Structure formats: C-alpha cells, structure tokens
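Paired with chain B in one complex and with chain C in the other, chain A is shared by the two complexes that follow.
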Partner chain A sequence: MADVMTDRTATLERLGRDRASVLRGLGFSDKIFNTLTWLAAVSVLLVLGAVFISLIIGAYPALQAFGFSFVTTAVWNPNTDKYGAFAPIVGTLITAFIAMLIAVPIGLGIAIYLTERCPLLLRRPISIAIELLAGIPSIIYGIWGLFFFAPFMKENVYPSLILAFSHVPVLADLFAGPAYGIGTLTSSLILAVMVLPFITSVSRDVFDTVPPVLKEAAYGQGFTTWEVVKNIVIPYTRVGLLGGVMLALGRALGETMAVTFVIGNADKLSTSLLAPGTTISAKIANEFTEAVGDLYTSSLIALGLILFVITFIVLSIARYMLLRLEQKAGV
Partner chain B sequence: MAVLTKDMARYGSRKRSSMIAMGLCFSATTVGLTMLTIILGTLVVKGAGGLSLAVFTQNTPAPGNDGGLWNAIYGSLLMTTIGVCIGTPIGILAGTYLAEYGRHTRLAGIVRFINDILLSAPSIVTGLFIYTIMVKPMGHFSAIAGAIALAVIVIPIVVRTTENMLLLVPNQLREAASAMGMPRALVIRQVAYKAAWTGILTGVLLAIARVSGETAPLLFTALNNQFFSSNMNAPMANLPAVIFQFALSPYADWQKLAWAGALLITVAVLTLSILARWLGSRS
Partner chain C sequence: MNIKSMAFASALAVASAVVATAAVAADISGAGASFPYPIYAKWADAYKKDTGNGLNYQSIGSGGGIKQITARTVTFGASDVPLNAKELADGGNLMQWPMVMGGIVPVINVEGVASGDLTLDGDTLAKIFLGEVKTWDDAAIKKLNPNAKLPSAAILVVHRSDGSGTTFNFTNYLGKVSKTWAEKVGSKTAVEWPTGLGAKGNEGVANNVQQTKGSIGYVETAYAKQNKLTTTKMVNHDGKVVEANAAGVQAAAANADWAKSDGFFLIITDQPGAAAWPISASTFILMPKEVKDAAAASEALKFFAWAYKNGDKMADELDYVAMPAGVKDLVMSKWADIKGADGKAVPAK
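Then we have the complex of A and B:
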C-alpha cells in the first residue's frame, strides 16, 4: 500500500515537472515571438529614421556650401558647380497643384456618381476599373504619355489653347507657344489621371460613412439628389475628403517616372505651362546616375530631402484628418 | 394658385440643377473609364506589335540588332522575389504586433502613423536612401541593393494589410483558445493567422504587384545591365529600367521592345491585383 502511494506521488510529481517544463517552454516561445513582433514594429520606425538621417548626411555638403540660398536660387549649373533648388521646387508644386485642380472635381464626381446614382450591379465593376488606374505602374504612364498623350495634345489641343488665350492678359503668358507636347501641363494632366483613383476611393469610402437616416430625412423634406450631396454628404464628410485630397497630393508631389518622361527636364523656369519644366523627382531620376562630383550628387540628395520633408508634412496632415474621421465614426 | 405655380417653377429649376450636377458626375465617371480604356488599348496595340518569342529567349540587344528582354525579365523576377522574401516576414511580424501584442499601446499608434506615411512616400527617396547606405559604401551598384530597396517598399504594404486582416478575426476565437490554456504566441499563430491567412496573402500579392512596376528605387541601386547576369553583387538588368532606357532612346527597335516590356509589366501587375482582389473578396 505504502509502495503504491509513493509510486503515485512520484508519478504525479514527474507529471507536474513535465507540465511545468512544457509551460516554461511555451512561455519562453511566447516571449520570443512577442519580442520578434516588437522588433519588426520598431524596425518600421527605424526605416523612417534611417531615411531621414541618411538623406541629411548625404545632403550635408550641399547644404553647407549653399546654405539657405539652396532653396531660393534658381541656378542649376553642373559646369560651374552651382546648384539651387528653386526651379524644381516650384515645378513640383505647380504640377501637383494643377493635377489636383483637375483630379479633385473629377474624382469627387465619380465618387458621388458611384454612391448616389450608379446601378448597384455596376457599382463594383466601375469601382474596380477606376482603382485599376492606381495599379498601373508609373513607368507605364510615362511611356504612354511620351508616345501617345504628348503628341496627341501637341497636335490637337495645345494649338487651339494657344490661339484661344492669345489675347487674354495673364492666360496668354500661361499658354504661350510653341507647343512641344511635353511640358508642365502634360505632366499635370497625367498626374491627374494617376491620383484620380486615390481621391475616388477615399471619397467613396467616407461617403459610405454618412448615416442613411440623415440622407433619408433630407430626401423626405424634398431635397433633390444634388442638394443632399451638397448640403448633407459633403459637409458631413469634409474632414475625410480633405484627408483623401491630401493623400492624393502627397502622391502627386512625389511621383517620379511618369513625370520624368513627359516634363522635358528644363533647367530654368518658364511662365508658360506648355513649355518644358522640371520637378524634384524628375531631376533626381534624370541626373543622379550621371552626376559627377560630390557637390553635384549631394545637391541631388538635398533635393530628395526637400521632397521627403514636403511629402512627409502633406501625408501627416492627410493621416491626421483620416484618423479624426475614424475616431468620429468609431464613437 | 399663383404661389403653387411659383413653387412648381422653383422645384423645376432645382430639379434641373440637380440633373445637371448628376450629369456632370456621370461624365466624370465616363472620363475616368475612358482614360483607363485608352491607356490599356494603346498598351495592347503597341505592346503586342513588339511581342515575340525572342522577347523571352534573347537578351537586350545593341541598337539595330535583334534581341529580347530575357535578362531584364529574369532580373526583375529575381529582385522582386528577394525583395518580397525579405520584406514579407518583417511586414507580417510588425502587423502582428500592431494587431495583437501592442494593439492599444502608444508605440503601436506611432508605428501605425509612420507606416501609413511610408506607404505613400515617394519611392525615389527609397532609391536615394539605399544608394547612400549600400551602393556608396560598397562602391558599386548591385542587384542586392535593388532587392533591399524593393523590400523597403514591401514592408508598409504588408504591415497595413496584415494588421487590418488580423483585426477582422473575432476576439471570441482568441478568447476561446486562451481559455484552453494556449499561450499568446500559439493563439496568434494557430488561430489568428489561420483565420486571416487569405487576407494576409492578399496583402503580399498587392505588394508584389506594386514593386514589380517600381522603377525609381532601382535606378540608383540595381542600375541596369546590358547582359545576362545572376550575380547579386553586380548591376542587374530589370524590366522597368530597360523600358526607361529604351523608350527614351531614338532607336525604333528599342522603343518597340520598351512597349513589349510595358505590356508585360502591366499584364503581370493587373493580373496580380485582380487576383488579390478576388482572394480578398472571397475571405
């Protein structure tokens, strides 16, 4: 009897030990997995930090040589080793601005059509088709723009634009000839097509957050569809819409390959939108591998730093606004 | 009576302006769809003209010679594969932290915010970044630098979709598994991952689609190579860079190959994103 008892306690003790060691093992592997995921999450932050630091180090020689005047000088001359970022900065801002001017109304229009008017059966196919525009790689827009769109605009659209505005004071300068086809306006139009799907998909998503009762109440009072959109849907979603627009703006500012193909990479500023221009990203893409000399390379990296800072600010604002909307929807 | 007719007239004009506005919205949709059709149409017409068996069997030619895009296709496939293989595990683990271990922590909030910014950050900056930390110290362009640049782009896409998909897994599943005594790591790996794997795969497919068309980050890292090379420590040809070089050249046969390459990339990218969408809608 006593033997059996000691046997049983021994077995139990052994089982307990086994169990404890298994639990320890599990707890240990849990710790490892937890640490791994933590490290991965922190590495996202490290990437951003490393991008900033490496760009600052790379840009340091140029920033040291030119100081703040780097941003305000419009000279870009590898022969004399004098560089200023004014022309590409202005070019980037102008192309992105015109692109938004065109893409925002069209993108909103599509979202309004999809949420208010589109037959249910077509809603998904049309949404997917518009989103496919975002899936097409940038370089495809570039080659299409260079061989199809730019020649088309040069032949069919720009001559009449030049003619139509030739006697209007300010517009005559903006649309001054000759029409090369490639240039600021062509780039802006292609950018507009590229960012269109971002505006549409964000606006469609935020339109869907409008409580149906609000719209039904307005319809019940005799509002027309447009009045509901104008007075209920857009005011209700304006923060989210602005977030979507900023997101698209961030994309337009940093877009590289498409613009590189069709902007013409001119070194100086031109008042005409039809003339070749340049943007930060196009300048880097065109000149970086051919840049000789440390100051030249460093100036291009400084351009990259400026671009990164600008897009970082714009995208932060976009995220902040979309976050506010999510919190509102969550309450 | 007079009031009524006036009201009706006003209602008529309101209805008219509504119809005009909605008509404009419809035209906007038509414009969007037309652009898609024109772009894809041009690609198919011009690209199909350049396609032949030689595109897949021969290397990029000198101007005036016959040739194909094989070295570029090979380089693109290789660098995309390596980039995705490096970026995906990091992305999935970071996404797991955001959705599971650290869901409500302050760190997760910051990572989420930064990740969303990296998601839309200009890819040319990624190219400059990898150039300064890899190409410059090594002293030469290399395929491995290109692959790592692509990995940097893959990470935020995978993080975002992994987190979103894990958040869709009902908490009751986790609670049930925890109640059985499963430690957290097992709950995540055996329960949450199993429930969300199609969604996570969608994210990986989207990431592949995105990086296979990326040009800007490869220009200063992998550069380009006129010949076939599988040396990861040397410049390597890749489709986007070849398209860039050939399209901007004055030679008609190079331009033709550029179009063929453009068609190949677009077909691959759109197939992947449609596949991802299909998989996403199924889960």
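Then we have the complex of A and C:
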C-alpha cells in the first residue's frame, strides 16, 4: 500500500515537473515573441525619430541663416545663396489639393459601383485594372505625361479652358494662358490618376466589410442605393475611408518623378493653374545631385524637413477629424 | 546530394561570391558628372578588354563627385565645373585636369526655320534668356538674319530644371557676353531664371522645344546631333559666324591658354579664334595630391593615360571632343604632383 502511495506521489511530482517546464518553455517563447513585436514597433519610431533629427541637423544652417523667412519668401537663387521655400510649398499644396479634389469622388464612385452595382462578371477585371494603375512606376507616368498627356492637353483642352473662362472674374486668372501643356494643372491631373488606385482599393475593401444585414435592412425599408451608401456604408466605414484618402494624400504630397517631368519647374508663383510651377520634392530631385555649397544643400534638406512637417500636420488634422466624427457618432 | 554536402556547396558559393566582390573592389572607383559618363563607360569597357582592369564610375552629378572625393570615398571625382584654387584646397588639397570636351548649342522651334538658318550672337541670346527680346521678329534678331522669314510669335525659353554642368557653361557664356546677365543672373549649375520653364535633363529640354512652337532651349551638341534638333549658328568672340561641331570646340580649346591657367581652372566659353565655337565646355577629373592608397591612385592614372592615348576615336564616335595633344602632355606632366604617403610620385605607367 505504502509502495503504491509513494509511486503515485512520484508520478504526480514528475508530471507536475514536466508541466512546469513545459509552461516555463511556453512562457519563454511568449517573452521572445513579445520582445520581437515590441522591437518591430519601436524600430519604426526610432527610424522616424532618426530621420527627423538628421533632417533638423541638415537643415540647421539654412534655418539659422534665413529664419522663418525661409518659409515665406519666394526666392531661389543659388548664385547669391538666397533661398526661400514659399513657391515650392504652395505648389506642393495646390497640386495635392487639386489631385484629391478629382481623385476622391472618382475613387469613391468606382468603389461604390464595384461593391453595390457592378455585375459579378465585371468586378474582377475592373478591380485588377485599377490595382495595375498602382503598380506603374512613377517615372512611367512622368514620361507618359511629358510625351503624350501634356501635348494632348495643350492642343485639345487648355485652349478651350482659357476661352471658356476668359470672362469669368476669378476663373479667368486661374485659367490664364499661354498654355505650354506642362504646368500645375497637368501635374495635378497626373497625380489624380496616380492616387486613384489607393482610394479605390482601400474604399472597396472597407465597403466589403459592411455587414450585409445592415444594408438589407435598409433596402428592406425602401432605401435607394444612394441612400444606403450615404447613410449606411459610408458612415460605417468612415475610419477606413479616411485612411485610404490619407494614404493617397501622402502619396500626392510626396510624389516626385512624375511631377518633376510635367510641372515645368519654375520658381515663380503664378495665379494661373496652367503656368509652370514647382513642388518641394521636384525641387529636391532636380537640384540635390548638383548642389555645391553648404547653404544650398542645407536649404534643400530644409525643404525636406518642411515636407515632413506638412505631412505630419495633414495626418494630425485627419486624426483630429476622425476623433470629432467618432465623438459625434458616440452621442 | 545530402544536406551536409549541400551546406558545403552553398558555403563554397558564398566564399566564391566574397572573392568575386573583393575582385570588384579592386576596380578603379570614381564618381561625379553625368555628362561624360557615356564616354567614361566606353573607355572603361575597352580598357578592361585591354588590361583586365575595370572601372566603377557612379554617374551621380558633379556636386556628388566633389563631395565624394572630398570625403575620399572614391579614388577620383569628376566635375563639369572646374574648382578654383580655394575650392581645391577646401577639398583637402585636390588637383584637377580636363579630360574631354563638348559643345553646347541653342536649339529652336520656329515655323519655317531649319537647322543652321538662324544666327544669334551672345548679346541677343542673353537678351532672349533675360526675357528682354520677347518675339522672334525682334529687331535684334532681324539684324543678324536680314534674309530669314521670322514670325512675330512669342519666344518661350526652356531651360534645365536640374542642376547641370551644361547650365553652368551656358550661363557662364551669357555672363561673359552680357553685363546685364552677369549682374542679374550670374553663372552656376542652377540659377534663378528670369523667364521660361524648366525641364529635366537634355531630353526634357529637347522634348519641350520640339513640342512648343516659338521655343528656344540649349542642349549638348552631341545630343542635338543625335536627335536631329534644329540648331542655330552663333557669332563667336572674333565676330565670325560658326556652326556647332567638333572642329569648333577643338578650335576653342586650342586657343585656350591652359599652361597659364591656375590649376587648370579654365572655362573655355567665348574663346578667341576664327573657328572657335563660343559655348564650348570641358569636363574635369579631381584627385587628391596626397593619396592614401597609392596603388589605387596609380591604377586610376594609368587608366587616364590610356584614355588620353587611345580614347580619341571613341570620343569622336560619341560626339565628344578629345583634348588637344599639347594639353594632354601638360596634364600628364602635372601628375608628378600626386604623391603617396611615402612622398614619392604615384606612377602613371
């Protein structure tokens, strides 16, 4: 009897030991996994911080020399070493704004059509075609813009635009000639095509997450497709939608090569959208390789810092808008 | 094949890859100007066949070349813009010499005007790029071309948007022939242009000019020739009307006084000589006078000596212009200034 008892205790003890060691092993691998994911997350912050710090260090000479006037003056003269970023800042914001103005409604429209109206047979080909747009390298857009799109706009579209708006007070200034084909509007249009797939594929994906029961309930109450989209689909997916739009805006703000080819790279500010302009990233791409002299290089890096800050501000505004939306929805 | 032998084989492959990288690292390394890249690449190819030694040239732009040679990350730098004595000293006691030349030519798109039909002089060209001469039938252009039929179309100026040695030499020429240009704009790889639109690279300028009636731009002569652009003639320093071609550039270089130049700081725009093309340019090599790695420097000098000796025909094929023989001899005699850590001259043979 006693023998059996000791045997039992020994087995139990052994089992307990095994269990503990297995659990310890599991705990150990959990810890490793935890650390790895933590490292991955922190490394993003580290890289971001390092980029920001090195930009500040690189831009310091220019910011010290020009102070805040670097942002507000529209001079760019490597010969006298006087630099101001106003023209490229304005160009960046305007091209991105027009691009979004065109791409957001069209992108949403495509997504709504694909998820609500499109026959199943057509859905895949259209989706794939739009995703292919995102796969085209920007240099290809640039060359296509320079050799085909800009001349096409110059010959066929801009003359009629100039004519049509020539007597409308504000629009006459916005669409003033001469039209060279390349300029702010052309690059905005190309940007719109480039960011379209981001908006479309993200919004299509989030539209698909809307529970069918919600939509069916609405249709059952006699909602039209537009009312379903407006009152059910878009409110339900607003976070994802805004994410897609922000992704697109980020690309529009930072896009370099395509814009460089078609914007005309003129440092002068013009009221006309048809006139050549410039953007921050185009300016950096154009001049960095041949920038000789500390202040020149530093001013270009300062441009990069400004682009960084602009993107940061835009993202913050988006976050804030989202927060407001959620609060409103919560009430 | 079992796992062990596979592992061994892959280890062997890695090892041989490392050896191969080491062999690549022994190549002559240089970085800089993109303008001479095609001819350096062609020379390097032929040189490798001849001697087995390769060249690794990064065509990253003159500014980048100057930065890299200053940091000594390459054996030689290359720049379309010569450095003055102070800049050479700032780079850590560098020396420079001209390697090969080319010309820059105005290209136009004017209704009814073919290549060579139109003649411009420096002052008029400067006024066009200043935005002072605004139409093609302006009196200044008419005076130079009494027989040409010129439309009253507006002139659109197309310039380079990227920093470029071509822009440096072009604006340098305009500054020499126009006081207003020198005071208002000056000369640099990128300047604040008074008028017109900017296009990226020779191809960008060429394409915009071809597409826009009434436009004028400037590109390298080799590029204009290969793409059959409409070029203008120019009135040169001696008042003669000349065409942009290799002979004109050679004439400009022949009359340039390299021997008296301070460390080969010489820009060959607006040179005297009846046949001299006024907007000629040379591109430069930069090397430190005190080198750490004498063996690598010696390999580089051997390559340049070989290119001077055997490279003229290849340069000609690519529409570059070789340096005159006298200048080559002068350059090679100056290489004696390049010394290793032991104070001995680095051998170039």
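Convention: the second predicted complex is superposed on the first by the 265 of 331 C-alpha atoms of A that agree within 3 Å, B and C clash if a C-alpha of one lies under 4 Å from a C-alpha of the other, contacts with A are read in each partner's own complex, and residues count from 1 in each chain.
In this section, a residue touches a chain if its C-beta (ideal position, glycine included) is under 8 Å from a C-beta of that chain, and two chains touch if they have at least 3 such contacts.
Quick caveat, the model's predicted, so the values are computed rather than measured.
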{"item": "Touched partner set for A:Ile112, first chain B, second chain C, both or neither", "value": "first"}
{"item": "Contacts of A:Ser281 with chain B and chain C, given as first, second, both or neither", "value": "first"}
{"item": "Chain B versus chain C as contact partner of A:Leu242, first or second or both or neither", "value": "neither"}
{"item": "Touched partner set for A:Leu273, first chain B, second chain C, both or neither", "value": "neither"}
{"item": "Contacts of A:Phe33 with chain B and chain C, given as first, second, both or neither", "value": "first"}
{"item": "Contacts of A:Thr289 with chain B and chain C, given as first, second, both or neither", "value": "both"}
{"item": "Touching partner for A:Ala50 - first (chain B), second (chain C), both, neither", "value": "first"}
{"item": "Which of chain B and chain C A:Ile199 touches, first, second, both or neither", "value": "neither"}
{"item": "Broader residue contact with chain A after superposition on the shared chain, chain B or chain C", "value": "B"}
{"item": "Contacts of A:Val104 with chain B and chain C, given as first, second, both or neither", "value": "neither"}
{"item": "Common interface residues of chain A - those touching chain B in one complex and chain C in the other", "value": "146-147, 260-261, 285, 288-289"}
{"item": "Residue ranges of chain C touching chain A (in the complex, touch as defined)", "value": "34, 60-64, 66, 81, 154, 156, 161-165, 185-193, 196-200, 204, 207-208, 211-212"}
{"item": "Footprint of chain C on chain A - complex, ascending", "value": "75-80, 146-147, 150-151, 154, 178, 180-183, 260-261, 264-267, 276, 278, 282, 285-292"}
{"item": "Interfacial residue positions of chain A with respect to chain B in the complex", "value": "26-27, 29-30, 32-34, 36-45, 47-48, 50-51, 54-55, 57-58, 105-110, 112-114, 116-118, 126, 128-130, 132-133, 135-144, 146-148, 193, 196, 200, 222, 224-227, 229-230, 247, 250-251, 253-257, 260-261, 281, 284-285, 288-289, 300-301, 304, 307-308, 311-312, 315-316, 318-319, 323"}
{"item": "Residues of chain B that touch chain A when the two form their complex", "value": "11, 14-15, 17-18, 21-22, 24-29, 31-33, 35-36, 38-39, 42-43, 46, 89-94, 96-98, 100-102, 107-108, 110-111, 113-118, 120-126, 128-129, 131-133, 152, 155-156, 159, 183-186, 188-189, 209, 212-216, 219-220, 223, 240, 243-244, 247-248, 255, 258-259, 262, 265-266, 269-270, 273-274, 277"}
